[in-house]
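Paired with chain B in one complex and with chain C in the other, chain A is shared by the two complexes that follow.
The block that comes next holds the complex of A and B.
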């Protein structure tokens, strides 16, 4: 039990730290709002110009809800610790984790979820406001079950994104100037997770390819649960696949870190 | 404020020395160059996804055909190349100069302070993928739309790009100047900075009020729309005059604001 104390402390520290910067997170959602705005105007113009009422399987209200929520969810699940990890590796900060009885992976994940707890609270408030607005404008029904499943999928999404970035951060063992790769990866995940456009609007082939990748389970899948375009028979297998991806990515991150640690020479520090 | 020819010549010469310095920096730290290149290529892809979407849809959106849309996206990409190449590195460092006191050092140099702040660094990595993709898109769309490849068209387009470059400089420097008061880079100018995203799509998808604000009040929409509007023949007399007036007015505003801010400056760090 005592062993868990240090991780609890890490979690609380990260939580307190994030509490300090909660307005910053809110601001980052607002500044990210411009791209959501572009998206909404684009879809409005598209629906106005098109004779059809359903485009690529989405009605107007569904696509607007998708655009707004995908923007918010992608901000919530974003990782952002990969730079710190790279810095630990580059400057030798990792050495203290080797010498001390604290596991780096556990430290990182507690740190990540500590920060995310506060962010989730901010997002939930925002989410309630948005849902009230949406249900007022459109005939949009929201069931309790749907919300629960959405929250579960968000939790899995957070885990998947954490593991993706934790795995990729092991690249810092071989590349010293790794920041460009990280930002590129971040943007790549953003794109493939469906944060910009729903993934199925680029045709069946693209949708099929992305269904074999973990990225769509970060944003696309959770948001589709909440905007009502998935039935329960589609949601349950999706959640199971999310769980499978969590396990697969855990193995990948373990492998990548094990091989990275062999290269680690503890420069600096 | 007297501007003599020799002063201008000195500044131009210094700009090339700064550019050379930056290039030498990239040659020394090649990894930085490649990192930047990879990163910008992925960003470019996420911008191109919009044009893929528009072609996939295959309809005119608010009267803009997919080919015309490509003119907009191409111009946007070229403007990103110009912004990231010339201004971005300098603007992002600006608040740091105030915080760390390097601004004091720059003040003692026999060059215009605003010039030093604006042009000290040139980025060579980011513009490369954007320039290639942007020019390719413009050439492709130009051919598909059957626009006559005359000298007038080309010179006109480059002229409007120049005008847009000046507007870009002014509009994006303006929020940075706020750092004279706030010292650290805050969310306010992060938000203003993000306004840039509005250029992702042609202004015709926006409602009239937003278009007006974006063209005449904070001319952020001017940047990619004007050169494209010129090419697809949607220019009216008023917009034609605005192409000449906007860069002059915005540059004047930013210059005056700069002077006001410098007067206010009282060296934060030391």
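The block that comes next holds the complex of A and C.
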């Protein structure tokens, strides 16, 4: 019980810390809004110039809803701590965690969720507003069960994304200047998770390949739950696959960190 | 029982060399010459409970590396060590609960939150009960005079104030062994003194074993009865700092003031002249010849003032640093 206290405390501290950076988060929401706006303009132009009502299986309203929701969800699950971790490794900040009775992984995950709690509160408010707007202008329906499943899948998505970035940040043990890798990885995840376009737009081959990868479970899958394009028979296996990915990635991150830790040479003589 | 034991502890790092120039950079992409630096070599030491030991040495001499091995952050390349009966790099929780390491250049406080939040986090990390926590916190903040600063964001604190908070954070769980790596780095004289007084008092009160590294002579002179001078990864001296010069026993410093100018050559017969401007001179003279030579000089020159001094400790250490660490004799158990 006492041992859990330290992680609870880390969570609370991260929560408080996040509140110190209100403007920062607000700005990131606004910048996310721009991207959504650009996508909406793009799709509007595409649909205007096309004689078809449905493009790639999406109607105009469906694609707009997808763009907006994926923008919001990708903001919600975004990692952003990888730089901090790399910095800890590079400058030797990791040393204090080795010397203290606290696990770095647990510390990071509490820290991550602590920061996310504040963001989630803001994003959920935004979400409710968007949902009301959508149900008003388009025939868009929501069931309670759908919302619950959506929230569960978001939680898994958060975990998957955390583990992906936690694993990749172990590269800082080998590569001292790891920023380039992070940027590339970030863009890759952004695309493959379905944050920009729904993944089936890229064709069947692409969809099949990405179904073997964890990325689509970060954004694409949760958004498909909430926009109503999945039946319950598709959602449940999806959630199970998310859980499987969480376990697989946990093992990967453990392996990469264990081997990294062996290499770890605290800086300074 | 000795609290800290080291036996032939060594650590070497692999590093890469790159020569100047773009051409060499390109070459480096393909093939890198790896070199091995021995940061710590064959250090053996025993430290007893309640001792306050100072590690002194130039930059890169291996002080911090030694502390990092003792706190389990680094694995040694070879050799053994135990702290409180534990092997540090096994990183056992029971061990971690009983020691503390403070790195003057690395903060463990949360930058954007008030210090008391970080202190409370440490309370939870070290599983300290409420009552002892409040007691320790009261005592430490009182002693360091930072009670009013607990609610201020850490980034708004001055360097000295922050260092005091770091110290408090690392003492919350009343560690039995404390490693302090440059705790006074970058601080002004008053803050340095304050922290020194605190450490001295804390050591006496709690009987905690303290190892301290510093560049500042004053830190170590003031705090540590026992000083270990490290150069190029080896122990070159172990004992009382004030007796460092006994390694160079032979010399004394004489300061002379004359009523009339005395030429340099005339003095050079008696010893090594380190300063000379006609009316004043400073010389180094063999201790054994001191009496005989000074008598001769007093007879020969128009001397107004004559003082004999010991060689300052700094000079002794300087010469130890320059000796490439080959010197092994020590005045340890004197």
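Quick note on the criterion: the second predicted complex is superposed on the first by the 266 of 269 C-alpha atoms of A that agree within 3 Å, B and C clash if a C-alpha of one lies under 4 Å from a C-alpha of the other, contacts with A are read in each partner's own complex, and residues count from 1 in each chain.
Here is the rule we go by: contacts are C-beta pairs under 8 Å (C-beta built on N, C-alpha and C of every residue); 3 or more make two chains touch, one makes a residue touch a chain.
Quick caveat, the model's predicted, so the values are computed rather than measured.
J.: Mind telling me which of the two, chain B or chain C, contacts the most residues of chain A?
T.: B
J.: Kindly classify A:202 by the partners it touches after superposition: chain B alone (first), chain C alone (second), both, or neither?
T.: first
J.: Touch check for A:250: first (chain B), second (chain C), both, or neither?
T.: In the superposition, A:250 touches no partner, neither chain B nor chain C.
J.: Applying the touch criterion given at the start, work out whether A:10 contacts chain B, chain C, both or neither, answering first, second, both or neither.
T.: The answer is second: A:10 touches chain C but not chain B.
J.: Check the residue A:34 against both partner chains and state whether it touches chain B (first), chain C (second), both, or neither.
T.: Touch status of A:34: first partner only.
J.: Which partner does A:151 contact after superposing on A: first (chain B), second (chain C), both, neither?
T.: Neither partner.
J.: Looking at chain A, which of its residues have contacts with both chain B and chain C?
T.: none
J.: Would you pull the chain C residues touching chain A in the complex into a rising list?
T.: For this pair, the touching residues of chain C are 13, 39, 59-65, 68, 71-74, 91, 93, 96-97, 99-101, 103, 105-106, 108, 110, 112-113, 117-118, 120-121, 124-127.
J.: Can you list the chain A residues touching chain C in their complex?
T.: Going through chain A, the ones touching chain C are 2-3, 5-6, 8-10, 13, 16-17, 20-21, 91-93, 95-96, 98-102, 265-266, 268-269.
J.: Residues of chain A touching chain B in their complex?
T.: 23-24, 27-28, 30-35, 37-38, 41-42, 44-46, 48-50, 55, 175-181, 183-185, 187-188, 190-191, 196-197, 201-203
J.: Which residues of chain B touch chain A in their complex?
T.: 29, 31-32, 34-39, 41-43, 45-46, 49-50, 52-53, 56-57, 59-63, 187, 190-191, 193-195, 197-198, 200-201, 204-207, 210
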